[in-house]
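To keep things simple, chains are lettered A, B, C, D and E as they appear, and every chain counts its residues starting from 1.
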Amino acid sequence: MNGSDIIFYLLAAMTLVCGLLAVTTRHIFRAAVFLLFSLIGVAGIYFWLQYEFIAAVQIVVYAGGIAVLIIFSIFLTQQAGDKLPKQRIDRKIFGALAAFCGFALVMIQVYGHTFFETEEGEVTVSVFNIGKKMLSITDGGYALPFEIISMLLLAAMIGCIVIALRTKKENS
Amino acid sequence: MPAIIYILIPFLPLAGFVLLGLFGKKYFKSASGWIGTLLMLVSFILAVYVAYDYFSATSIFPRNVPVKYTWLVFSENISIDMGVLQDPISMMMIVVVTFISLMVHIYSLGYMKGEERYPTYYSFLSLFTFSMLGLVLASNLFQTYIFWELVGVSSFLLIGYYYDKPSAVAAAKKAFIVTRFADLGFLIGILVIANTSDTLDYNTLIATLTSTGSEQASSAAASTFLGASALTWGTALIFIGGAGKSAMFPLHIWLPDAMEGPTPVSALIHAATMVVAGVYLVARLFPIFSINTPAVLDIVGWVGAISAVFAAIIACTQTDIKRILAYSTMSQIGYMMFALGVAGYGGESGLGYTASMFHLFTHAMFKALLFLGAGVVIHYVHSNDMKDMGGLRKKMPVTHITFLIACLAIAGIPPFAGFFSKEEILLAAYNGNTIIYWIALITSGLTAFYMFRLYFSIFWNKPYQADHHSGHKSEGGWIMLFPLLVLALGAAGSGFIPFGKYINTDGIPLESHFHLQFSILPVALGLAGIFMAMWLYKKQNNRPEKLAASLNGFYKAAYHKFYIDEIYLFVTKKIIFNLIGRPAAWFDKNVVDGLVNLAGNTTTAVSESIKKLQSGRIQQYAIYFLFGAIGLAILFIYIWK
Amino acid sequence: MMQPGLYHILFISTALFFIGVYGFLTRKNLVTMLMSIELVLNSVNLNFIAFNKYLWPHKMDGLFFTLFIIAIAAAEAAVAIAIIINLYRSHNSINVENAEELKY
Amino acid sequence: MNLLLIILAPLLTALAVLVCRNKEQVKWTALAGSLAQLILAFLLYFAFRHEKESGEPAQMLFQQDYALFKNPNIHFHIGVDGISVAMILLTAFVVIAGVLVSWNIEKMTKEFYFLLILLALGAYGFFISLDLFVLFFFLEISVIPKYLLIGVWGSGKKEYSANKLALMLMGGSALILVGILGLYFSSGGSFNILQLANTNIPGSTQNYIFPLLFAGFGVFTALFPLHTWVPDGHSSAPTAGSMFLAGISMKLGGYGCLRVAAYLLPEGMKEYANIIIVLSAIAILYGAFATMMQKDLKYINAYSSISHVGFSILGIAMLTQTAVTGAVMQMISHGLMTALFFAVIGMIYDRTHTRMVAEMGGLMRMLPFISTVFFIVGLCSLGLPGLSGFVAEMTVFMGSWENTGAFYKIATIAAAMSIVVTAVYILRAIGQTVMGPVKKESFLSLPDAKWNEKLAAIILLAGILAIGVAPGWLNDLLRPETEQFMHKILGVK
Amino acid sequence: MSDFIILMKSELVVTTIIFLLLFVKIGKGMRNEKLLPLIQVLLLINVLFSFVFNKEGSLFDGMFSTTSLIAFQKSILSLAVYLISLLCSVWLKRSEHLPEFFMLMLSALLGMFFMISSGNLLIFYLSLELSTIPVAAMANFDLQKRASSEGAMKMILSSAFSSGILLFGISLIYGTTGTILFSEIPGQLDGSPIQILAFVFLFTAFAFKLSVVPFHLWTADVYEGAPIATTSFLSVVSKGAVAFIFITALYKVFQPLEETWYLMLVILSIATMVIGNLFALRQKNIKRFLAFSSIAQVGFILVGISAGNEIGISSVVFFILVYVFSNLAAFGVADVISAASGKESIDDYKGLYKTNPFLSWIMTLALFSLAGIPPTAGFFGKLFLISAGAAKANYIYIIIVALNMIVSLYYYLIVVRAIFIDKNEQPIDKIAISKTVKLALIICGAGIILLGLLSWIYEHIQSLTV
């Protein structure tokens, strides 16, 4: 067990514990913060796996974007200090049961399976490579998905604007 | 002889039916009677001509089929043919049928005058005549059945002629349904016979079955069902049909009720012609009955004998004059039936056959006469009940005399027609079956008694109280009396026809039989009956009541026709309606239909009960989603690998 | 065994996935439900990255998948939040149990 | 003779009805169209006779074949044999009569006639198709018009009846569909009746498919115990609707049982023949007894239809040439008879506004024409010679009796017993409605039949008499076909 | 480059329209009365254009491919969108966000185009999202209505949940096969449990989009809440597109797992039909009713898909073509009535025939087509589906399917009965139908009648699948 391993376990623990807390705590604001930490934990794992670019994106988009968005929306819709209403216990049990079943099922399959590995050499995951691949239209380049996602973002933007900006008509 | 003449005999009445039925009401309402009568007259003349031609041609009478049209083919050999079968009995019958029908047509001109549905009446009469002629001329077993049914329906129509009278409607229904029930037997009998003998044609049928050692005959005898050969079943079933139509015990219940029809109709259908169709049918198949299935012929004899005495007893107690005549008809047909039953095939033993046909002929005359006479009386009195009558001999002399002749004829008093035919029957019975002979003797005494009871009650007894009705003060004019006179002639003289010469089982003429020593007993019994009736009914007195009282239980039973009607009513109402019909309807409504409705209701109920699935809670949806996914995964990973 | 490897990461990701699912199933607040979805997506990302790293490093399929999922997640979250806010305006609540009018 | 005309005539009539402007136009267009159909049917009959007499050996005449779809292999393949010709004649008779008796429909006249003709179209198409798919298509076409006819123009608990009818018939056709697909796949991909007839389908497969097809068509033809749509459907339908239902629609089932189920699956037919015989014998008696207890004229006729149709099923299942011929005759006869019966009931109802037997009486006095027709059709129903019912029933009995073995005999006797029961209920109905004393003052002023009603009745009566008086032509038309059937089914050459 | 333009021409046309609308919106804007006809014309051009200049080929290293069949499928979808723009014009004209609505709808359509053409799991996933997220926003376009928000919320959350599971499945597929390319995956599938697990997870996403029981529960709520234009888009276009790609996925990508998915389809299709039918039976709201009916229809589509051969494909494509016309006609009538009178309950339809015979006939035709009654095209559609499904000689399955047709007929008849038979004191007033709507309804009606009878259409589809 070397340092790297320890870091991994710490990150893993942080991710899972924060994730768990994020879905169980009854303080909504705290939940958001736990979520943020969980996401950061995931980013840490990316770092640990030496996928720095992804880790950066994770932090920028998730921590910087989505988490902030969520926190804003919490402010918009809720008094931050309020506790969330309690869920009925039977539903909790059912939810936990369902989640656990799924988890068990997947884990059994995963541990029962021997994954193949490629024999080919590793490509270097650099920002340059990623960028080049992202914009190339040949050699398995990702230009097309890039375009699609841009359309998606456009559509999402339009949708958001229409839906969220209906204030003026509210009186009529 | 051209075929058209044979065809015209039945088809002229048919033309009358169509013409009067379709246009009578609109175009020639009052002339319709004459039209019908005229057509009938022509038909009668043709019939006589044909019969004369046939009987005068040779002395041995073959079975000819001058006309034959294939109507419906079932298989190579089996088909329904419409044809004319020419043999002694059919020739005799067409004369009887057209003659009586003509008489009734003429009589009805007076009797039915002024009726609202006068054309309809005549068209129905014509239809009946057509059907009856078709029946007697049939050359094919199935053709007989077809006209048999048509006869039934015309009978229905005529009984129900007064359709707004519920009793008439009920009687018509009863007549039809009871005979239909019997016809079921006939039909199945036909099926059996057709199947075993592979033909429906009378000529072929009789030829193949009666010729010893023929393939069909042996195979028919070989295949048995419930211990009897197929052919036995066949003829027995056919006899059931005949018994129904001829009102034999116990299928007789419709006949008395059938008197609801107009009296001329009763004369034609329920006395002279249609009711003897059963006898005719047995006579038609007599060779088969006699040679192949003698056991069935025994049944025929017994049924006839029982019917004869049974009906005679009831007739003694009834007061409705038409019903008395109806029971007498039944009784006389019983005679004909058992005459066939006791007969054998060929030579002297075939006497019963001849006698039966002879009696059929004479009976047609005097029974038609009796009915028509009764019709005149009823026309005059406006009642059917004996109690309303009496002392009418002065008011209606012609009727009186003709009625008396008919009564003497039926009572078997020489030299009237009934005497001769009845003597032959008794002789045949004497030779064939002694018990039946004694029954017949007793019956003949009873016959004389109840006929003269009727006669005296109408024409003698108490003096007639007039004035409780208006209208006819006469006997109905010559148009009604003419047929009476003609028929009286027949009733008086037809006994002298040498029947045995023409009609016999095997084509060899029979000598006329007349044994004085043999005739004494029946005539004496007849006279005894007459005197008994005279003693009781000639003058108004209380002897009948006393006698009835002394016979208490038996009298009551006889008066109630031995409760046969009630038994039938019980069977139909209680058993068929309540135990079969009602449960069937209930079953259909509740079980069969219920199952379908149940399927529908269950679907709706299930639909209602699972609505909670769609709870509107998105998290519940997600749970179903997740369980669905996990379930599928487990199913395909672990169970259906 | 203690050496962190593919299976460890898969354990984490699967656990995170079902934590997210659990949250989605039990949270009453729409925003927290959305947060659970984000956890789910993250776990998937982790999967992709892990597979890419350990099994198929010769190409960058998993990596790109992750990148795009992150982008989609953002777009989805944006639209979802817009819808939730709109819902809040009409229902004055973002409790999921107040939005159960359409049913049966 | 171009067979397309047979379906084009109703199709064009239906379309022409749709573009009509007023009720009068609609009625006359429909009448003209149905007259054209009748004429075409007669032309077809004579053309068919002519072809046959000139020694045309083909099993199906006037065939036309257009490929519709390659996969599944569907052809618009039409052709007729004697049975189809007879059925088409029947349809044409019933259609024109139905159009005539509906002359006074006030509510949505155009739609009414449109649906009526559409239903007829389905029937015509059904009878001439030689491709199972096309056959099924036309069969289904005829279902929905019935639903609407009953639902919109019906009376009583019409919604319930219409629903029940539509669903049960659809249930039947669902079974038929599965059966047809079974045939298709087990024969290696053919819907063609003629081809299928020459394909050897293994007996075990036939035993699977046959019950589906027979039960499916059995629903249409009201095979016990699948008949329960009949009483309600008939009683709720408008007059013409009942006529079409009983006169045409139920015949689709019978024809299907014969042409599709029995003909294409002879092994299956033989396997299940005894069960079907039992069922149909039950239907005959049970229907008759159930009829005895009915009080409503339409129910009487509906239940009696169950009983009568039993004869045609019985005839088919008896598997002798004569019995099968009789079965087809019974379909035709019953079609004409029942249509007329319903027409008369409708006429009576229009006047007395009741269908309860007990409330009528003595109608003969006011309505001599209608009553007479009622009477005649009643007699036809109870199998009086000279009318069509007799011919058909006797042929069935004759044919049935040809089978050796007590089982068949007993079944035949059981079936024959119904002639008595039929007499009971028919005479009961006639006795209480047409005859007997007049029960209501208001009845005394009822008007008799109008020209259209008279014409309708006369047309159908003509058909009944044409079969009843001279059945030879029908017999000649059918026998060669049934002979061919029997060869196929029994495997005798 | 010309290849690029021709192969992607459908996508390019749609994108162009989106941007045109965007410029209109950003610019000084246009009044709805003028804009809507313009959009309709553009969409018509899109439809017409989709029939010409078709070429087969693939781009981006197989990420994007198109064949005649795919082009035809795109035409169907374009046609559906065009019809929606006509049918819902009353509602659209009133909408304040007309250009946005169309931008979103076209984005979704674009997503579907990509989805059908996709050659790897990434494109598939992205285009799936592109075809879902805008629709969720569209569901919320009745901004003032509570139901609309609720529907939109349910849609976006449940689809996010579903895509989470989908992604998990994809990740496992990726992990076990090392590729996301459709062409390479089949070679790597060995049917190991984890792959089956991954496949099931992937399958659920399709099932979710197609509303297969038990993944269907969002459907009815969303349909009911959303504006009818969105609902009809969801029920017709969205379903059609997913069904198309579903077939590709099953037949090409997961071909080695055929035994698994055949059974899965059998089970799920029966469940879907039964549940869809049972729920449809008791619905009062016409949109909700149509939602459940379309669930039941999906059950039938699955029957056709289960065939696993070209006939399966052609029958499904044909059925969807028919379904477009039938369902859009039904929704169109519902929309006309809802826009004119605000009534959406089946009970309100009572006596409709008296006042609005035209609408009644179209509705009846549509419902009969959905029920599969001749001579409507639905009959042919269903029959082809069933006969495709019957090819595996699983007769009990086919009997169950056929019996379900009866139940479905029952509830379609409820509506027909309401329209024609039931009496109503206050039926819906006579509605003046604008020319465009009438045109669209007539197109639908004609399509319903002619599609089946003109056999060359089906033949043409078959020639595409070979």
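Convention: a contact is a pair of C-beta atoms (placed from the backbone, for glycine too) under 8 Å apart; a residue touches a chain by one contact, two chains touch by 3 or more.
Just so we're clear, the structure is a prediction, and the values are computed from it rather than from any experiment.
Enquirer: So which chains count as neighbours of both subunit A and subunit B?
Expert: The shared contacts of subunit A and subunit B, listed by label, come to C, E.
Enquirer: Let me check something: if the centre of a chain is the mean of its CA atoms, which chain is farthest from subunit A?
Expert: Most distant chain from subunit A: B.
Enquirer: Please name the chain that ends up farthest from subunit E once chain centres are defined by their CA atoms averaged.
Expert: If we average the C-alpha coordinates per chain, B ends up farthest from subunit E.
Enquirer: Would you mind checking which chain's mean C-alpha position lies nearest the centre of all protein C-alpha atoms?
Expert: Minimum centroid-to-centroid distance belongs to D.
Enquirer: Between subunit B and subunit C, what is the gap in Å from one C-alpha centre to the other?
Expert: Taking the average C-alpha coordinate of subunit B and of subunit C, the gap between them is 96 Å.
Enquirer: For subunit C and subunit E, what's the span in angstrom between their mean Cα positions?
Expert: Taking the mean C-alpha position of each chain, the two centres sit 27 Å apart.
Enquirer: Approximately how many whole Å separate the CA-defined centres of subunit B and subunit D?
Expert: 36
Enquirer: Which whole number of Å gives the spacing of the CA centres of subunit A and subunit D?
Expert: 70
Enquirer: Name the residues of subunit B that each touch 2 or more other chains.
Expert: In subunit B, residues 600, 611, 614, 616, 618-619, 622-623, 626-627, 629, 633, 637 touch at least two other chains, as defined above.
Enquirer: Multi-chain contacts in subunit A: which residues touch at least two other chains?
Expert: Each of 91, 94-95, 98-99, 102, 105-106, 109-110, 115-116, 118, 140, 142, 145, 149, 152, 156, 159-160, 163, 166 in subunit A touches at least two other chains.
Enquirer: Would you mind listing the residues of subunit D that make contact with two or more other chains?
Expert: 167
Enquirer: Okay, what are all the chain pairs that touch?
Expert: A-B, A-C, A-E, B-C, B-D, B-E, C-E, D-E
Enquirer: Which residues of subunit E touch subunit D in the complex?
Expert: 311, 314, 368, 373-375, 379, 383-384, 386-387, 390-391, 393, 395, 398-399, 402-403, 405-406, 409-410, 413, 416-417, 420-422, 455, 458-459, 462
Enquirer: Within the complex, which stretch of subunit E touches subunit A?
Expert: The contact residues of subunit E facing subunit A are 15, 18, 22, 59-61, 63-64, 96-97, 100, 103-104, 107-108, 110-111, 114, 122-123, 126-127, 129-130, 133-134, 136-138, 140-141, 143-144, 152, 168, 175-176, 178, 192-194, 197.
Enquirer: Please name which positions on subunit B make contact with subunit A in the complex.
Expert: The touching residues are 619, 623, 626-627, 629-630, 633-634, 637.
Enquirer: Could you pull out which subunit D residues touch subunit B in their complex?
Expert: Residue positions touching the partner: 164, 167-168, 225, 227-229, 231-232, 286, 289-290, 292-294, 303, 321-322, 362, 364-365, 368, 379, 382-386, 390-391, 394-395, 397-399, 401-402, 406, 409, 412-413, 416-417, 419-420, 423-424, 427-428, 431, 434-438, 470-472, 475, 479.
Enquirer: Sort out for me which residues of subunit C touch subunit B in the complex.
Expert: 21, 24-26, 33, 96-97, 99-104
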